[in-house]
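Have a look at these structures, which come just after this line.
Shared chain: chain A. Partners: chain B in the first complex, chain C in the second.
Showing the complex of A and B:
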């Protein structure tokens, strides 16, 4: 599943492992946690080599996709489990449990059973149980995927707050790029058992290295064509970028995010930078924003996001001029 | 439900329960020849207390059933755990081989056991009956416990281990308590399979060492007395009781986890 992964997770930071299913992100998480041994290579936490340390001695906190709360125990007993395994008893346990439940805003839920809680509440208990032991690493395996969209967004903010307050080094597995971008200090993109790219969210969104990374992080318009003087010939125009180009005569792919493109009103002066003409195929109205689907010369499909400052839209079939800056144009490896 | 449906259901239930009801009634009827009107009595139950043969056979039956419940539940649970949690060569084949014994007629199983036990020198008697009953009960235990295990998420144990439990501690602290209803249901099943077992017991019993069903059968051949109705009524009450308890426990164990 994994293929020569070499990754560092910064202390006290939240790093997301982002990838499609089967990319090896969960396997990597399970190797870090010690749930499965690596076939080759070492796992270090701080300066300590933990490759051969058993899972139960590794002092990690894990939040499972299914929460994995113990159904025969109360909320307090669930949270106390790790503390009791570490030999704590009585008042010390009660104080720590109360603090952890306060952190996840579930004070007063001590005596409830997991079955009596909503999905979001179970999620919080799982989180409290994982952080209460002050683990060296907190591992989260798609913890929000079972929640509905609204609750998920609330829990993202909660999770961020809890991670900051606890200061735990956190590794978060997700296949949801918005979640990864919103939550993380660092994002690592995985595909086919390899880490393709790693960096701060804005960095990897604005400067993806490959077509796969660019597509996985959001919508992108691609222009593939021969390299000529200063740009790539595609969609009936010469598209430029500020990034150094490969030699003339080769083929290259340039890309631009849909929100970076301006729709130039008919009759307005053509702005400098990249601009092409395209036929509007469809407008997808979504309240605050609309998505324009267009077709550029050569049948290249394009997507443009536009804030709905006015309520009027051009009709499908209209020819529109699209403009964007060469600085926003990304050179991608295939 | 339509009227015709109700009548049909009533007839089916009558068909199922009428003979049993008659037997239970006659256990409380004074007349040895089942003549009506019924004169209620506990005479046949009292007579039972003096019937050493039937009482000894009852004790054997309960002892064998208890031993079967303990042994079959332990072995069957271990098998179910291995089949559901471990990946090993030939697992699907083993899983497949566990089921046919349920379908094989007991007459054939019993004959096979008799031949096999004779050939290996195990012979007949109490130990042979326990062996035979355990073998009969194990597939049921594997089925019941296996179903319980399937409703138990494997990541619960992983969660416990990540929190500092050794795998063995996690099994006893998490899996076993959650599996308890299935284990009790499986044990009751094994107990019932053994208690009701006639064919295999008949083949493996010796003159001094038989079980209640075997003894009832030989009594009937000698001549029917209402004592048989009395002991059958007691046996029936025990079986129904066990069945009810196991049904309740199985449902408790199978209750799905809400998310």
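Showing the complex of A and C:
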């Protein structure tokens, strides 16, 4: 499943492992945690080699996709479990449990059973149980995927706060790019068992290296064509970028995100930079924003996001002029 | 709910439920409660009301049997010990088997193993029990096998001993324990065990704090399914226990088939049922305390 992964997770930071299902992100997490041994290579936490350290003494905190709360124990007993396994008893346990429950804002839920809690509350208990032992690494395996959209957004903010307050080195596995971008200090994109790219969220969103990375992080318009002086010929125009280009005569792919493109009103002066003409196929109205689906010469499908400042939209079939800056144009590897 | 009149769909639903339940409860009424009811009446009679046209004389005398015949207390004690040891051994063998079946096998392999565990159900009880006599008697297969390995060992004639009866009963009732434990254990999510380990629990701790408590419902229902029939068993004690195999089961059977004293047999059955119910009542209150320990 994994293919020569070499990754560093910075202490005290939240790093996301982002990838489609089957990309090996959960396997990587399970290797770090010690749930499965790697076939080759080492796992280090800090400067300590923990490759051969058994799971039970590796001192990690893990939040499972299914939460995996012990159904026969109360909330307090669930949270106390790790402390008790470390030999703590009595008042020390109660104090730590109370602090952890306060951290996840579940004070007063001590005596409840997991079944009596909502999905979001179970999530918080799982988190409290994982952080209460002060683990060296906190591992989160798609912890928010079972929650509905609103709750998920709330929990993202909550998770960020808890991670900052606890200062735990955190590795977060997700297939949701928005979640990864919103939550992380660093994002690593995985595909087919390899890390394709790693960086700060804005960095990898604005400067993806490959078509896969660009597409996985959001919508993107692609222009593939021969390299000529100063740009790439595609969609009946010369598209420029500020990135150094490969040699003339080769084929290259340039890309631009849908929100970077302006729709130039008819009659208005054409701005400098890249501009092409395209036929409007469809407008998808979504309240705050609309998505324009267009077709450029050569049948290239395009997507443009536009804030709905006015309530009027052009009709499908209209020819529109699209403009964007060469700085916003990314050069991608196929 | 308030006593509002039932709406039409509600009434149809109730009728449907009744129609579905009727065959089962009708059958139970005819085949269980009528004979059982008759037995309750018999247990208060002075003589067996079959043959002859003597008038029925009612008495509670039969229920004093345990006081008037103190040896019956010993017999009941033997039965309870049989129930205890059989249930305990079934639990000790059945739970690991259920764990292995649920957690370490899959597909066809699991199906075959399952088939093997329920085989005792499909063998005739007499054949099963008599085949144990071949194995357990002095100079039997077990004895021979031991002497092959260790010629100077003494003979191990287990037949007509208490352990022989327990062995036969464990063989007969083990499938119940495996099946009930399997049901409980197979619903334990893998994540729970991973979670326990990641929180610092080693193998034994995982077993004691996660697997055992979650398997407990299976152990309890298995124990109930085994304990009750073992208390009343008479075939295994008689064949494998011989002279020492005097249990409540055999005494009650004798009252029906040999002494022809149905009232006493019925009264002994109900007394034993009462004892078993008391044991379960005590046991369940202990279990409830165990299942809901005080907060940490």
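Here are a few things to note about the model shown:
One rule holds in what follows: the second predicted complex is superposed on the first by the 334 of 334 C-alpha atoms of A that agree within 3 Å, B and C clash if a C-alpha of one lies under 4 Å from a C-alpha of the other, contacts with A are read in each partner's own complex, and residues count from 1 in each chain.
One rule holds for everything that comes next: a residue touches a chain if its C-beta (ideal position, glycine included) is under 8 Å from a C-beta of that chain, and two chains touch if they have at least 3 such contacts.
Because the structure is a prediction, the values reported are computed rather than measured.
In this overlay on chain A, chain B clashes with chain C. In the superposed pair of complexes, A:86 makes contact with chain B and with chain C alike.
Of the two partner chains placed around the shared chain by superposition, chain C is the only one that A:74 touches, whereas chain B remains out of contact. By the touch criterion stated above, A:110 is placed in contact with chain C alone, chain B being left untouched. By the touch criterion stated above, A:119 is placed in contact with chain B alone, chain C being left untouched. By the document's definition of touching, both partners, chain B and chain C, reach A:61. Judged by the touch definition given at the top, the superposed model places A:146 against chain B, while chain C stays out of reach.
Ranked by how many residues of chain A each touches, chain B and chain C are led by C. Comparing which residues of chain A touch chain B with which touch chain C, the overlap comprises 33, 35, 54-57, 59-62, 64, 66, 68-72, 81-82, 85-86, 129, 133. By the touch criterion given at the top, residues 33-35, 54-62, 64-72, 74, 76-77, 80-82, 84-86, 93-94, 97, 110-111, 129, 133 of chain A touch chain C in their complex.
Listed in rising order, the residues of chain C touching chain A in the complex are 189, 191-192, 194-202, 205, 209-210, 213-214, 291, 295-296. Across the complex, chain B meets chain A through its residues 153, 155-156, 158-167, 169, 174, 177-178, 257-259. If you check the complex, the residues on chain A that touch chain B are 33, 35, 54-57, 59-62, 64, 66, 68-72, 81-82, 85-86, 114-115, 119, 122, 129, 133, 146.
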